[in-house]
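Okay, so subunit A shows up in both of these, paired with subunit B first and subunit C after.
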Partner chain A sequence: MTNTWSDIKNADVVLIMGGNAAEAHPCGFKWVIEAKKLNKAKLVVVDPRFTRSASVADYYAPIRTGTDIAFLGGVINYLLTNDKIQHEYVKAYTDFTFLVDDNFSFENGLYSGYNAEKRSYDKSTWQYQRGADGYVLTDPTLENPRCVYQLMKKHYSRYTPDVVSNICGTPEKQFLKVCEYIASTSGTGRVMTIMYALGWTQHSQGSQIIRTGAMVQLLLGNIGVKGGGMNALRGHSNIQGLTDLGLMTNLLPGYMTLPSEKEADYRAYIDKRAPKPMRPNQMSYWQNYEKFHVSLMKAWYGKAATADNNWCYDWLPKLDKPHDVLQVFEDMYHGEVNGYFCQGFNPLAAFPNKHKLNTALAKLKYLVIMDPLATETSEFWKNYGDLNDVDTASIQTTVFRLPTTCFAEESGSLVNSARWLQWHWKGAEPPGEAKPDTEIMAGLHLHLRELYKKEGGAFPDPILNLDWPYKMPHEPSSEELAKEFNGKALEDLADPADPTKIIRKAGEQLDGFAQLRADGSTACGCWIFAGSWTQAGNQMARRDNSDPYGDGQTQNWAWSWPANRRILYNRASADPSGKPWDSKRRLVWWDGKKWAGDDVPDFAPASAPEVGMGPFIMNPEGVSRFFARDMMVEGPFPEHYEPTETPIDVNPMNNNPQAIYNPASRIFKGDLENFGTSAEFPYAGTTYRLTEHFHYWTKHVHINAVLQPQQFVEIGEGLAHEKGIANGDQVQVSSKRGYIRAVAVVTKRIRALKVNGKTVHQVGIPIHWGFLGQAKAGYIANTLVPFVGDANTQTPESKSFLVNIEKI
Partner chain B sequence: MALQSLDIKRRSATTTPSPQARETLEVAKLIDVSACIGCKACQAACMEWNDIREEVGTNVGVYDNPNDLTAHQWTVMRFDEVETDDGGLEWLIRKDGCMHCEDPGCLKACPSPGAIIQYSNGIVDFHEENCIGCGYCITGCPFNVPRISKQDGKAYKCTLCSDRVAVGQAPACAKVCPTGAIQFGSKEKMKEYAETRITDLKERGYDNAGLYDPAGVGGTHVMYVLHHADKPALYHNLPKDPTISPTVSLWKGITKPLAMAALGAAALGSLFHYVMKGPNEVSKELEDEMEREDERLRALEKEDAK
Partner chain C sequence: MHVSRRGFFKVCAAGMSGSSLVAMGFAPTAALAEVRQFKLAHTTETRNTCPYCSVACGLLVYSIGDGAKNTKAKVIHIEGDPDHPVNRGTLCPKGAGLLDFVSSPARLKYPEVREAGTNEWKRISWEEAYSRITRLMKDDRDANFIEKNADGVTVNRWLSTGFLAASASPSEAGYITHKVVRNLGMLAFDNQARV
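Up next, the complex of A and B:
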């Protein structure tokens, strides 16, 4: 989230799209109700289904799954043509005025530089025009046809209301009504928040859907202000912490990135990640990358990391290719993976195409499961009849099941969607032999280290030299790890402004990432967490919920990264002269000498407004980007592409067979044949969660199983009538990859949509069932999902695919 | 649940006067249907606080689970899809359970002394140790709430967490409700709060928004804020003007003294039955009678709904 849960109460309009907060985030949803009660806010829900969020909305509009870019592109067009944008904001705080390379182009569904064979782009033209001084050229008059504003306006002029309606199936009147609600926040006195979740991420163009939402918010001046923002509602209680700590296969802690195998040179690795400002007087905060990186390496390798060995750069793994979950299972499927560690993860249920996953897992020599629950993955080899029809005798994989503690059985911190690190305390002893994950990992590490010591090995250095300073080496405590993430001084740190003054003595906890250094005098396990456990103690354990400004910022409740800042980009809540756009909504402001405010300013504390530094300090431009340059694989402006499996066979935005679905998505050999066609599988399937369950966990809990006992799918009355299905009938839902059987819930909440001259029915598929647990045994919904991901993040396309449905 | 006998203002089938030495505040639970997202946290909390568990059931084509109130599930969410005149849709979600009537039909109908009581704060509670399982409370209830346990033949329903309320705590459902759709406090405060919600709903175009606190049962200690207070039947057949069944009134007025003697014998009979055969059965005749009465009530409700 750019903002926080409690800040949602400050919104005037709440748009829930690509998510279902009432259902999947019921506790956080209270802030929407607060906004309605206290702020007379209007709630607008756009979703393929009339959801529980829609049940308390002021306005609901249906949409065909996977067409959100078309919808939001239409909103952009509406805002630009009806002059419903915040002019001063976009001109000063975005790339509106930036000039783009003359050779950049977009034609019939494709951007310049497309290579059809590789399904990827040469992105060299996706750049700005630069002056002789190296800075980007701009046109403050916005008249130059190559400026971002003009290019964007032209691009989205194609998304007229009738085009939107034709693609999305949203009746034009309803689309325009949603536009009106959104546009009502274009002035400085009203603000909209967007709440989204997996309904936007789980598409082959998910990242671009989210970008389009952000573009709408930027046009309205709704980023960096109270009650605004782009608010990603995370799907797990600590999935924010997972990405923060770099558990994605291409990341290091704090959103630093692993080098590729082409990056053998340390200096080049750093320079590439520490870009110089693209405009005069901009901060480009990532210029500090080396400070964070060296401090990380000091935390990992201690004294072994020195300037002479480039802080052990050679020990870092260098990526030969992406190793995301889809890629790993693809490799496993081809017999290229011997062993797999599955820690707090149930891929057989959570990832697409169960049949392929089963086949892949059976090719492993060993599989290690670390989980508090008996997961389906841990019993992938066991025959459960139709629910898991495998030939056990032919599977030779050895499965080790290591029971771990549940969150309530250990102390530690969770990072919520709002970036708050909240400490929690152990509430119960774990049952049986269950151990914290850290203890299991420590045991493995120490054992492997012994083996490397005794027997040597191809590359023992990173294992033998890993710093392991914990009091009980077999059980590093949560407290020790948390302190390590925060970071400490390794030497006395002198004040850069006054070298006679020592700001932190050797061994002391640091106050924040501003104290990190690239000379090896500081260690920090995750730079964005610096400040969470200072000399003053554990800031994450703070429980003062006082709210002196009445705006929900609660600065003394837990600790928020970065720097306990609650609203990101909050410099944008003030106009270029440093005065809040809206005095009722003031957040930070220039007090004549420095930046002050209700929140921790997201800015250089003493940079006067006259200097002209932009509020988006992480970007080398200093402003936010409508034009993403070369940072997205499928193009600088989001463009509508159909889901990989489309119910209408064409992309109404072009007549180019190469641009029906995402032209730059990664499709593995063999999976193309596993995609269905609308002739065989005519309906648009979409998976989702129900409020009574949490993923595949709570089906193990009796109470949750009582509240939602048995697998079902949802269909509209029209489709039910066509297929002769009555409410409560048993049905079979099939895709090219398999089938599931469930009870049919026939509902008015899913309606047939008119799309491109065709009637499109949608089939709703809740995910929570499997062959283990207290709830009635069911089929794994992801059996149906295609093995393809978002082209940028490789998040599976679980929200849009083709199915058929029959009564059984 | 027997607590605070000093605060009991009414007991079933009892003529001894109630204690009057102290007064308690009249309480109410307010369910704001317009803020309810049907998450069923209240159902889970009810199971946990009262330590009751229903069996894992089946899906019969709706979100309502368990499908009905039971001796082990004292509150259920009722989901209704209603098409609006302008072609739109409303998904009305109502938390169903005991309404804690000020004039409780169940208590009036109950022939067993002290099996049903009402506290001076308004809560209507079943004291199962006195329950003979006759099912008359079901007949007497205009909201079709009490359920006879198949296990012990006794009647069960929501206690409004009388044990929690007695020590100054809100009912478990109100405590856990994530959106504040369930509020709890003095009846007066709840009515005031309801007014603010009704004003908000009217501003949003729900011209008939209002409070459900039906006079026919003397008002209730569980009230609803409804967007369509003029059509309560839209919310899973919530009766528009609930009253106590005429049979019960008749029973209470004329025949009760006579029948009491007969039922006393029946109660004695059921005691012997219990001793001889265990607790699980209710006499066949009684069951038939209950069912007939239930059917009649359902028919009445349907009429109300129209």
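Up next, the complex of A and C:
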């Protein structure tokens, strides 16, 4: 989230699209109700189903699953053609004026540089025009046909209301009504927030859906202001924290990135990640990258990391390609993976195509489960009849299952969707011999270290030298680890402004990332968390819930990254001269000498407005990007592509067979044959969650198992009538990958849509069942989902695929 | 002096004269003549955070056990934290059932192993678990670790074992997991953010 949960109350319009906060994030959704009650806000919901969020909305519009870019592209067209944009904001704070390479083009569904064989682009033309001084050329008049504004206007002029309606199935009138609500926030006095979740991420073009939403918000001037923003309603309690800490194939903590094998040279690795400003007087904050990187290496390798060995640069593994979960299961399927750990993760239920996953897991030599609960993955080898029909005796995988503590039995911090690090305390002992994950990881490391000490082996250096300063090496405490990721001074740190002054003595906790150094004198495990545990103590444990400005920011409750800032890009809440756009909504402002305000300014504290520094300080442009340059795999502007399995067989935006679905998505050999066609599987299936259940955990929880005991699927009355299915009938829902059986719930909540001259029915598939638990045993819903991910993030396309449904 | 109803009867049973107690003015007061004592009166209240979605509602966890060595703290009640600025004491149908998660019969209690080809779990000790797992890890790493790629570039990666991390465990667990896993050269590393 760019903003915070309680900040939603400041919105004038709330758009919930690609999410269902009322059911999936109920206690956060109360802030939408608060906005409606206290701020007379209008709630608009766009969703394939009439959800409980929709049931309290001021306006609801249906949409075919997977067509959000078409819808939002239509909104962009509406805003531009009806002049409903915040002019001064977009001109000063976005790339509107930037000129784009003359060879960049878009034609019949494809951008310049497409290679059909590789299903990827040569992105060399996806760049700006540069002047002799190296800076990007701009046209403040916005008349140059190569400026981002003109290119974008042309691109989205194709998304007319009738085109949108034809693709999305949303009646034109309803689409226009939604546009009116959104456009009502184009002035400086009104603000819209967007709330989204997996309904936007789990598509083969999910990242681009989110970009399109962000583009709408930028056009309206709704980023960086109270009550605005792009608010991702994240899933697990610490999914934000684990993303922040970089536990992904290609990341390091704090959104630093691992080197690829093409980056053997340390200096080149750093320079690439520390870009020079693209426009005069811009900050380009990532120029500090090396300070964060060296401090991380000092936290991991202590004294072993020196300037002479480039801070152990060679010790970091170099990527040949991303090894995301889909890639790993693909490799496992082909017998190329021997061992796998699942720590609090149930991939057999969470990832697509259960049959493929089962086959893959059975090829492992060893599988290690660390979990508080008995997961389906831990028993993938056990035969549960039709629900998990495997040949146990032939599965030669050794499976270890290690019991872990749950939230009530451990202390530590969790990072919520709003980037708040909140400390919690242990309240009880775990059952039996269960241990916290911290202790298990220590156990594994210390045993391995011992083995490598004794026996030697492949490249033991990092294992033998990993800094392990914990008082009880077998049980590092949460407090010690939290202090380590905050960071400390390794030597006395002199004030750069006055070297006679020491700002932090050796051994002291740091106050924030501004104190980090690239010379090895600071250690910090996650630079964006610097400030969370300072010399003054644990800031994450703060419990002052006062709200002095009455705006829901509660600055002294817990601690939010970065720098306890509650609203990101908040410099954009003031106009270029430093005056708040809206005095009722003021957040930060220039007081004549420095930036001041209710929030911690997201800006250089002393940079006067006359200097012209842009508010998007992390971008080398200094402004926000409509034109994503070469940063997305399928193009600089989001374009509508059909889901990989489309119910209409064509992409009405083009007549190019290469551009029906995402032309740059990664499709493994063998999976292509596992995609269904609309002839065989005519209905658009979409998975979702129920308010009584949380993923695959709560089927183990008695009260939730009682509340929603049995697996069901939801279909509209039209489809039910066509297929002779009555409410309560047993049905089989099948895709090219398998089938599930469940009770049919016939409902008015999902209606048939007219799409491209065809009636499209959608089938709603709640995900919460499996072959273990206290709820009635059921089928794993992801059995049905295709093994393909978002082209940028490789998040599986669980929201849009093809199914058939039959009464049994 | 206040004497609860139960305390009053105990005193009687111990042989003291009830009537004289009453005469001395120690009769049980009306307010104390309760059916039973408030269940949470002798519990420990701990501040916690809901482990489900990332609204991260504040919780009050009530447990019994006084912290002494020979007692084991056990959670008996969980409710929303009214001081929390986001949930302000409320919980959703998921969070309201948390007590049943803590005490779910599906909770794992001991390290176990399912040997290759068999159809059952076998309880093992932590030491056996660590020793066997790290032996498998080391053998696999030693056999498949790639120090240099085909072009002779130092890559120091280990691709034949992977790790999925838990996004409902605390940041401190996430941090040490990253430190240990990446240090082995592992790249097949992800968490639920991928889903």
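We adopt the following convention: the second predicted complex is superposed on the first by the 808 of 808 C-alpha atoms of A that agree within 3 Å, B and C clash if a C-alpha of one lies under 4 Å from a C-alpha of the other, contacts with A are read in each partner's own complex, and residues count from 1 in each chain.
Just so we're on the same page, a residue touches a chain if its C-beta (ideal position, glycine included) is under 8 Å from a C-beta of that chain, and two chains touch if they have at least 3 such contacts.
Everything numeric here is computed off the predicted structure, so don't read it as measured data.
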Which of subunit B and subunit C A:Ser112 touches, first, second, both or neither: neither
First (subunit B), second (subunit C), both or neither touched by A:Leu707: both
Subunit B versus subunit C as contact partner of A:Leu444, first or second or both or neither: second
Touching partner for A:Glu692 - first (subunit B), second (subunit C), both, neither: both
Partner contacting more residues of subunit A (subunit B vs subunit C): C
Contacts of A:Ala54 with subunit B and subunit C, given as first, second, both or neither: first
Shared subunit A contacts, counted only where both subunit B and subunit C touch the same residue: 26-27, 30, 691-692, 702-704, 707, 774
Touching residues on subunit B, where the partner in the complex is subunit A: 34-41, 43-44, 47-48, 53-63, 65-66, 73, 81, 83, 88-93, 178-181, 197, 200, 203-204
Touching residues on subunit C, where the partner in the complex is subunit A: 44, 46-59, 61-63, 65, 72-75, 78, 80, 83-88, 90-98, 100-102, 104-119, 121, 126, 129-138, 140-142, 144-145, 147, 149, 151, 153-195
Contact footprint of subunit B on subunit A as seen in their complex: 22-23, 26-27, 29-30, 33, 36-37, 40, 50, 52-56, 58, 60, 691-692, 702-712, 727-728, 743-749, 774-776
